[in-house]
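Working notes, beginning with the structure itself.
Think of it as A, B, C and D in the order they're written, each chain with its own count starting at 1.
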Amino acid sequence: MKIAGIVRLEDVSRLCPLVSRGNDGLQGEVAETRPVQVGEVVFGGPRPVVIAGPCSVESHEQTLEVARAVKAAGADMLRGGAFKPRTSPHDFQGLGLAGLSILRDVSRQTGLPVVTEVMDARHIEDVAEHADMLQIGSRNMQNYTLLAEAGRSGKPVLLKRGMAASLCEWLGAAEYIAKEGNFNIVLCERGIKAFPAGEYSRYVLDLNVIPAVQEHTFLPIIVDPSHATGVSAMVEPASRAALEFGCHGLIIEVASDRPGAPKPMCDAAQAIGPATLARIVEFAAAHDATPLKAHAHAV
Amino acid sequence: MKIAGIVRLEDVSRLCPLVSRGNDGLQGEVAETRPVQVGEVVFGGPRPVVIAGPCSVESHEQTLEVARAVKAAGADMLRGGAFKPRTSPHDFQGLGLAGLSILRDVSRQTGLPVVTEVMDARHIEDVAEHADMLQIGSRNMQNYTLLAEAGRSGKPVLLKRGMAASLCEWLGAAEYIAKEGNFNIVLCERGIKAFPAGEYSRYVLDLNVIPAVQEHTFLPIIVDPSHATGVSAMVEPASRAALEFGCHGLIIEVASDRPGAPKPMCDAAQAIGPATLARIVEFAAAHDATPLKAHAHAV
Amino acid sequence: MKIAGIVRLEDVSRLCPLVSRGNDGLQGEVAETRPVQVGEVVFGGPRPVVIAGPCSVESHEQTLEVARAVKAAGADMLRGGAFKPRTSPHDFQGLGLAGLSILRDVSRQTGLPVVTEVMDARHIEDVAEHADMLQIGSRNMQNYTLLAEAGRSGKPVLLKRGMAASLCEWLGAAEYIAKEGNFNIVLCERGIKAFPAGEYSRYVLDLNVIPAVQEHTFLPIIVDPSHATGVSAMVEPASRAALEFGCHGLIIEVASDRPGAPKPMCDAAQAIGPATLARIVEFAAAHDATPLKAHAHAV
Amino acid sequence: MKIAGIVRLEDVSRLCPLVSRGNDGLQGEVAETRPVQVGEVVFGGPRPVVIAGPCSVESHEQTLEVARAVKAAGADMLRGGAFKPRTSPHDFQGLGLAGLSILRDVSRQTGLPVVTEVMDARHIEDVAEHADMLQIGSRNMQNYTLLAEAGRSGKPVLLKRGMAASLCEWLGAAEYIAKEGNFNIVLCERGIKAFPAGEYSRYVLDLNVIPAVQEHTFLPIIVDPSHATGVSAMVEPASRAALEFGCHGLIIEVASDRPGAPKPMCDAAQAIGPATLARIVEFAAAHDATPLKAHAHAV
């Protein structure tokens, strides 16, 4: 029987000609990644990038405190959600435009460029004005009108993988952005849905996709160990593992561990403290971003 | 270790108080479904509803031909895509507004109410003007701004399940629509991503979710056997199976089988012909929509 | 990159030449199934077969009571576990050889042929002496030495699908039995592991595999709605759905609903009572076993 | 609705009292692992263990050549299959007893202890005589009679995770071995079945399970990067990642890369050469086996 709608990796150069590397195989070394620049931060350059910050922007004070800790820990960029996709509409949805203002302000005070999620094409102008990089979240990976608008904005885009997206579908999503002339796209693996999700971790971290991404596209790829595990004690080993697997950076949720600091309003169980972040940054800084380069050969 | 972000069905009445049935168990019979009306068509009424039509609106002629065949086969409603979510931006994206006009026109000529997908909140007004029911596709099940706008439109909404959505996440999506005061929501199971997807069928049809939906919410649920299988020869048995499992209707892709008719531009391998549709309609018409009612009891 | 160890359905006629149908497609009708006979019961014949009985054999009294109810409900064969595969070694493991004697005795008293699971090649002789059909459970689907011994026994074999088995791997398991000259193999779909498993049902019932099995092999296929759902209220609709999808029979767990009857020692939540079984048998008896035959065609 | 047969991690101390760590949480540090000794090799000791060798034993010459290369690369133990579980019975099934003799002989010549798979309880005596450690493969993870016999043999056991096994089911399998008084059990993660399996890698490598194992049991855990990826170029990054995630060792498939050396008869695409293995061993040797120890704390 013939099956409708099946896309295969073999067809990626036809489906996604713009972002496809277009070669036939690994050929003894990882072909070059095209760096993406956000301010002075370079994804896919000689050193892995570390983005860190609170899950959501809850107040100016909280955001500034975490951003300063993130800066002190040596991270390169700030993250923080102003628009939050929540399973229930009755849960905290983020501060919205007010959150964007806080992010911009805190970014200026700390000198850290900022990435934040945009969930609605009508907010792109606002987000693009306040942030240095737009994040398309997992739930919107195939929100094609949002992808196209993000492409047209000209801003660098962090494109998270959908929870059930094949590599082919993910690159197809990137192609929607690239088709608008915007190649400043950074991919982000953040865990997939599979049978163990929820038993001992939030999602299943799929690191095998990193070398596959590097074979099929020139776009840089980073990893979100916070969502992929959902468990704060797993974030550090997951970060190190992702770097060893050759990713170009990390995006991590951090909370203040100052006594008396309020508990984060969402996903507290996956937030790490500044000291853990500092160790991750140190590990990343000492790390050759292309461990596969010299070594990729086999029998 | 604590895991962040895990939602469990036990919490559904707290997360989704508006659409949750709010009782504790099946208690000897399936509690009542609240019917949703679209024109004279009733979802969750005494008889299953059959929606059918082309995958995409390709021309007035093609749409009218298929709609007449669908009408002749006895189906209740017309489907057809004017905006098509495609893996690659280089594939046919639908006729857009022109497609909406065709749908409205064909709907008037045949007397069939029409449902069509909306992928962009900025199109909702246009789609609501031309269609009788808005479809939120799988890829947008957690596009929360689209859900809220669909809620505010006041139009009946067909909410497809995301390919990796738990029941809890699906009901959370419905809650976003209901929160805007719109309870005219029909759920649609359309296959999930799991390891066999792509080996012999497009997705894995998950019929177990039907009685679970009926236990946890009063919203009607229909099934899309076309996408769930991706194989035309499986559409009829899948339709019959879904009806036996107690669903309130079906949405099916149909193509003309007239010699010389052009092959559909997308998903041709899952389209059935009018004669097969007629048999499905006949089966549905003879079918008690609530087979569980009298029987739901166990040891 | 090349991937090791991937088996594809395209290769099934090479990997499994004995059980493969060996044709290229559905070709307008489902090719013929080769019936498998167990006593006077025929799998793949004109009428679906219903196997029913307790999860496990707990006593002579309990087994006889359920078997008589099963017989009265019109089922064709008796099931019951003497050797029980349990997640924990501290849970009830079945009565073993004593259970086999009970089954044989009850089978004689009721005239129902009996199928029971064998988990150890060293028990095959004993099981083959007491039972009319050997069951290979999901957990042992790729226990190749057990498969070969079951083949050599000459007894009919009920081969359950592994929880993560592709169709190709499942047919490969059947090929191990067939290679020993034993073609009396009946396949059994019993639910797969995927992300929703455990949220609202025990496994995900994968009915799409039925027509795929019928395309690729001549072996009959039945369905186990008890394990696939794990919920007694879902067993009846799942049974009807599986029959509509063209399966050749069902295997169902039944418990006594007599007031005062002891609760089953395992999987009580999925057992149905005799009255529900009787309705399923009636549905099966009225059912054309090959609903696809006349209809399998498409655009 | 109640669901039958669901096991949850919360119940692990009741289901698996023997292998369960029995505490309630991570409590600021990873509790201690109980080392398992095989000859002079210590799993769960201060240094990660590297097991390496051919996929299958094909001849004395080939096995000796690979074993010498493995020894020269600094690995601790030899692996090699004498009994091979293959999807099709028509594919090479291993040399059987002759393969065991080769393994024992090569083990003596190189001084490397050897682990090999046992698939049949009737072979345990033979395997135990020729090998230093018994491997239970993924396909047999719930072959409970084999587990019990392996327990009774008194030999150390390498217990691979089933492709669809939850952590709870995996620990349940270990409990079957422990119940026979044998606590010399080493767990091995080797990739799970999920939707991406087969697109760009063979299975999905699930590293999140490592800290979860370390929280719930005192048994050591190693990783098989060869099967988990199925791609030779991914084996080195997967090995480094697994070590960063805190595993106690690796088991890796190696083939000769000498010009003229015959291609392995199975899984050639996942075999690495001796030089790659040497780099992995060097990485492992420099590696603190308990990176989480000092750091496991969070907000």
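The criterion applied here is as follows: a contact is a pair of C-beta atoms (placed from the backbone, for glycine too) under 8 Å apart; a residue touches a chain by one contact, two chains touch by 3 or more.
Because the structure is a prediction, the values reported are computed rather than measured.
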Ask   = Going by the contact rule set out at the top, which chains touch both chain A and chain B?
value = C, D
Ask   = Between A-D and A-C, which chain pair is linked by more C-beta pairs in contact?
value = A-D
CA centroid of chain A to CA centroid of chain D, Å = 32
Remark   = Whole-angstrom distance, CA centroid of chain A to CA centroid of chain C, is 46
Ask   = If you look at chain D, which of its residues touch at least two other chains?
value = 1, 26, 164, 168, 192-195, 200-201, 211-212, 215, 231, 233-234, 268
Note = In the complex, chain C touches chain D at residues 1-7, 15-17, 85-91, 119-122, 139-146, 148, 162-164, 168-169, 172, 175-176, 179, 192-193, 198, 200-202, 226-227, 230-231, 233-234, 266-270
Message = Quick check: in the complex, which residue numbers of chain A touch chain C?
response = 1, 25-26, 193-195, 197, 211-212, 215
Ask   = chain C touches which residues of chain B in the complex?
value = 8-9, 26, 164, 166-168, 192, 194-196, 199-201, 204-212, 215-216, 228-229, 231-238, 240-246, 255-257, 263-264, 268, 271-273, 276, 279, 291-292, 295-299
